[in-house]
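Here the chain labels run A, B, C and D in written order, and each chain numbers its own residues starting at 1.
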Amino acid sequence: MKRYVIVFSAIMLLLTAVGWGQDTAGVAAAAPGGSPPEPPKNVRAFDTPYDNGHSITLTWESSASDTAGSLFLGYRILRSDTPDGPFVDRGLVPAGATTKDDKGVKEKEEDGYFPRNHDFYYKVAAVTAVGETESPVVGPVQGVGQWYNRGKTPVAVAVVIFTGLTLYFIVRAKRGAVLYIRPLAGIDAVDEAIGRATEMGKPILYVLGLGTAADIATIASFTILGRVAKKVADYKTSLIVPCYDPIVMIIAQETVKTGYYNAGKPEAYNQDSIYFLTNQQFAYVGGVNGIMLRDRPATNFYLGKFYAESLMLAETGTVAGSIQIAGTDEVTQIPFFVVACDYTLIGEELYAASAYLGREPVLLGTLKAQDYAKALIIACAIIGVLAASFGWTWFVQQFHVGN
Amino acid sequence: MSWETFLWTTLSVALTLCTFSFLYRDNPFYKFSESLFVGVGAGYFTIILIYNGLVPTLIDRLWVGQPWWQIWGGRWWYIIPALLGVLMWFRFSKKKSWISRYPIAFYIGIATGVAIPLEMQNRVNRQLADTLLAPNFSAGFTAGISDIIIIIGVICSLFYFFFSVAHKGTFGGIAKIGIFILMVGFGASFGYTVMGRISLFIDRVQSIRDWVKMGSDGTGGMMAIVTIVSLAVVLLIILEIMRHLRNKAAEPTAQ
Amino acid sequence: MNFFERLSKLDRRWVYLILAGVVVITVLMKFSTPIRINPEVRAIYDFVESRKAGSYLHLAVDYDPGSQAEMHPMTYAIMEQALAKDIKIIMTALSPNGPGMAEQAMLNIMDSVRLHTGKEVVYGRDICFLGYKPYPGIVILSMGQNYRISFPSDYYNTPTDSLPMMQGIVNYSNVDGIVLITGTSGVDYWIAYANGRYNAPLAVGLTGVMAADYYPYLKSGQIFGLMGGMLGAAEYETLAGRPARAMEAMRVQVWAHMVIIIFILVGNIGFLASRRRGGAR
Amino acid sequence: MKKEIPLLIVFVSGLFMAVQFFVPHASSEFIYEFVMEWSIIIGIFALALGIWSLVRVSVNKIRRRSENWPYAIVILAGLAAMMVFALAWGGLESYMFRSFFNYVMIPLHATMFSLLAFFIASAAFRAFRARTALATVLLISALVLMLRFNPYLGPLGGPEAGLAQWVLNVPNLAAKRAIIIGIGLGMVATSLKVILGIERTYMGSD
């Protein structure tokens, strides 16, 4: 009988301690037949570094009761506006943890608002089946926003180096330095493909993909489209550009117009050949597939952002007998283009294409900057791996980007 | 099963069959379903953008229950993006269409400005930091060798992407190893994806099966519709085969 | 044009037709593929099979609707097997969208057992569902102490103590083993806490994508069995002698893949043969 | 006025957003979120131009009786139907709008997507030929991955599954990483070219 009483009261206490349903935080109970846990030691509360200010970080050393195999449930974070309470439960952290960011949103009117520049007091309680033991109160502490995120320094350094390289090579190119670039099969094919369309008297289809005008891949595709449009105007071929996004359509119209203008044939430009189709992924695929089978373009360009439709477009284009040149920055889709298209611009080649097609020295200069950046990355990788292997962690840590 | 659901389901099965006919060749049935999809898709997108985009991000913020002309109670500063949006409409005019470049310039500027540090961090800094690991031989010999292969693979593949150096000699050799590694990766990606894609078609076959079942379990009328649709499909296939045979007979034999 | 050249230039529509034909036939026909049973799946089956009537099994259903296609067949197969052997099942759900999955599985199985064996499965006597609680790590720990800490009442708000089958069942030490079916990373908690701290025998059923990462735990003995994805579920259905949902999906997929692989091989044979005949070009 | 000011806007807003990335303060976050909303709102206004373009192209097709013009009517009918259903009867909750979504759009979407299964098969058949050394490597690595879950060939977790996992985790990872790094550099370079006004074809000609 006595055993049942003990079990029953232990259960009841556990329920209270873990506290589902009710906010019973702060009730530290001593249990019959067991001792309450040791409190966590050295609790510290401080402003979370490099954040927007709506967060405070807590750290502590494990309670002596938090050992493997024990019935230790975790740590409860308690917060108050005054040192004397009342303390509010800010969540439970599983056993073994020694840190927690107590944070919230910055909008005053929303749930979970966490005030900035406001004094708080904290306690951390060790929770077991038997009871809870709280640490002493720490504080006051305030969440403060920072103006520079030091964790991002490696990114800042990378951006500065890269921008410097780019500017340097642009200036050099403007002064007339001759830059070599290696041939790229996909680019060499562009002229041939446009010429073929002219011979066959068939149009050229240019698909900008599913990206919005805010996607850099789409922006890169615009720059290629401008060069292609110029050549198309030179060859007096027609161009079809069905678009997936209205803003993309508007920019594509401007781009093609510029291309025709640069070719000295602004009168040949027809705005209706660059149109909005639809904004549903597979409806768009259906529409473009239809164009391929009905207008039988001699050449299809797929440059931009592509998802599952990559292979559907490329296979239909093959059926229609078109030459296909593709390029995307979606890593998972590159293989499908490689398999099904005649020429594929792999990854970075997509971004290099406009410089290749335009052949303007300034643009070629940026390619040189990209190459130097890659050389730098390779050097860092080799040195870094060696450093890591010989335990020289300082070097490796310099590359680590914080949140 | 209600008639209503059955008829809607019949419609979707019919559209499904129309779409599948594309695999054979372009035909009026596919053209119909494709055009319908394009139109309905654009209409759906417009409506969603009005109700889930325009209303919550703009209208609800400008007008908070006041008479419509009085926007000061709301967050009036949202009038700025609205004006920028209206500037886009200058494209309807031939002469003034250049005004639309202002919002576009803003849009592009934001996109590229956000991208510079963000893509540098996510694609360059983070990927590089993940590469800087000592080969983990404590997890076994294979694991250690694999780590070394990863590092060598990354470096060789990066060599392939050099634009301003001729791919000749030693450099060309390293770049060649790089392109082989890229191809292994592409093959793996392709093979990995095949698994999931078949199930998409399985799902469509099952939905047609369910429709046939729905009809045969339902009233006589439903059964009749299922029969008519099925007969129509069979008839079309037979007609197509006959047309094909006739054309073949008319053609001079190949070779 | 010889046979091999013809083969390698086969019209794509034949490829489509054969693939579609194989899928349609395998969907409609009720045959089973010869599934080779892996020891890690058999271990789970044997474990359930060797339990005595009246013993207890804890079934953790921790997956969301998104992975139900792979996970439901596992849950169904194990429940059918256990209930047929009069093993009592305690169910829990520790993923936010899991309770709906668990309840659906439980109700369907109660019906189907009644239909197939005529055996009446009574809620509270043969099976119970304790429900969902957040913080999986803590819930798993607390259940090692006492089920009632996290689940003072079951999913339907009946006090746990008033369920006949829960009389005398305190914690993991009263159940013979835990089978966890999950598509979430909560599996790490189960391994670390339920097995690590309380030494409860644990077997897991995982999505195909996850499975490969958990073989090390099988080797180290932290889990005694593992089912991976649709194939794992199909293996289990085969063992249980009741091929059902997983088997259907599996036989279609397997045959469709075979078709694609055969096409690749045929294409290459045709290509290589015609190249050899054509000589060096 | 026509070109200089837009280029200045690109430069200023681009530079501002690039710097914003390094400032974690709440006021910087606020500006970021506000500016993102601006982009969304501009996009909504642009939609009118998109729909106008679709309608114009379709109407022209019908008027000129170009090839396949009847299907332009279907496009316009679908577009009009969805707009009328929602705007005239109960918005997003409208019965017809929802039914069209559930029984026209969803099945068409799923069916169009499922065509991919066939395209994968035909692409594999047509393109996976051991023409060159590179093509052979591609073919073999794809086959290794395709065979990994085949019960006719071996147990899950057996040697070929291990090989597949290795191909996925080692060479595939190396290839992806190199591609991603290259793409990152390309994206930053392209963005720089746009912000600096070196690349300006998108801005129009006059």
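Criterion: a contact is a pair of C-beta atoms (placed from the backbone, for glycine too) under 8 Å apart; a residue touches a chain by one contact, two chains touch by 3 or more.
Small disclaimer: the values here were computed from a predicted structure and weren't measured.
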Two chains joined by the most C-beta pairs in contact, as defined above: B-D
Distance between the centres, which are taken as Cα means, of subunit C and subunit A, whole angstrom: 33
Distance between the centres, which are taken as Cα means, of subunit D and subunit B, whole angstrom: 6
Rounded Å distance, subunit A centre to subunit D centre (Cα mean): 15
Junction residues of subunit C, two or more chains touched: 12, 16, 20, 208, 256-257, 260
Contacts with 2+ other chains: residues of subunit B: 19, 22-23, 31, 33-35, 37-42, 44-45, 88, 91, 101, 104, 107-108, 110-112, 115-117, 119-120, 124, 128, 131, 151, 154-155, 158, 161, 182-183, 185-187, 189-190, 193-195, 198, 201
Residues within subunit D bordering two or more other chains: 18, 21-22, 39, 42-43, 46-51, 54, 68, 105, 108-109, 112-113, 115-118, 120, 122, 124, 126, 128, 138-139, 142-143, 146, 149, 176, 179-183, 185, 187-188, 190-192, 194, 202-204, 206
Graph class of chain-chain contacts, one of line, ring, star, complete, other: complete
Parts of subunit B lying in touch with subunit A, wherever the complex brings them together: 19, 22, 25-26, 30-31, 33-35, 37-42, 44-45, 88, 91, 100-101, 104, 107-108, 110-112, 115-117, 119-121, 124-126, 128-129, 131-135, 151, 154-155, 158-159, 161-167, 182-183, 185-187, 189-190, 193
Subunit C contact footprint on subunit D (complex, rising order): 117-118, 120-122, 124-126, 128-131, 139, 142-143, 146-147, 149-152, 154-157, 161, 165
Subunit A-touching residues of subunit D, taken from the complex the two chains share: 18, 21-30, 39, 42-43, 46-51, 53-54, 56-57, 60, 67-68, 105, 108-109, 112-113, 115-116, 119-120, 122-124, 126-128, 138, 176, 179-183, 185-194, 198-199, 201-206
Subunit D partner contacts - residues on subunit C that touch it in the complex: 8, 10, 12, 15-16, 19-20, 33-36, 38, 40, 208, 211-212, 215, 228-229, 231-232, 234-235, 250, 254, 256-261, 263-264, 266-268, 271-272
Touch list for subunit A against partner subunit D, complex: 50-54, 106, 116, 145-149, 152, 155-156, 159, 162-163, 166, 170, 212, 214, 216-217, 219-220, 222-223, 225-227, 243, 245-247, 249-251, 254-255, 257-259, 261-262, 266, 272, 275-283, 285-286, 294, 308, 311-312, 314-316, 318, 329, 331, 334, 336, 338-340, 346-348, 350-352, 354, 362-363, 366-367, 369-370, 373-374, 377
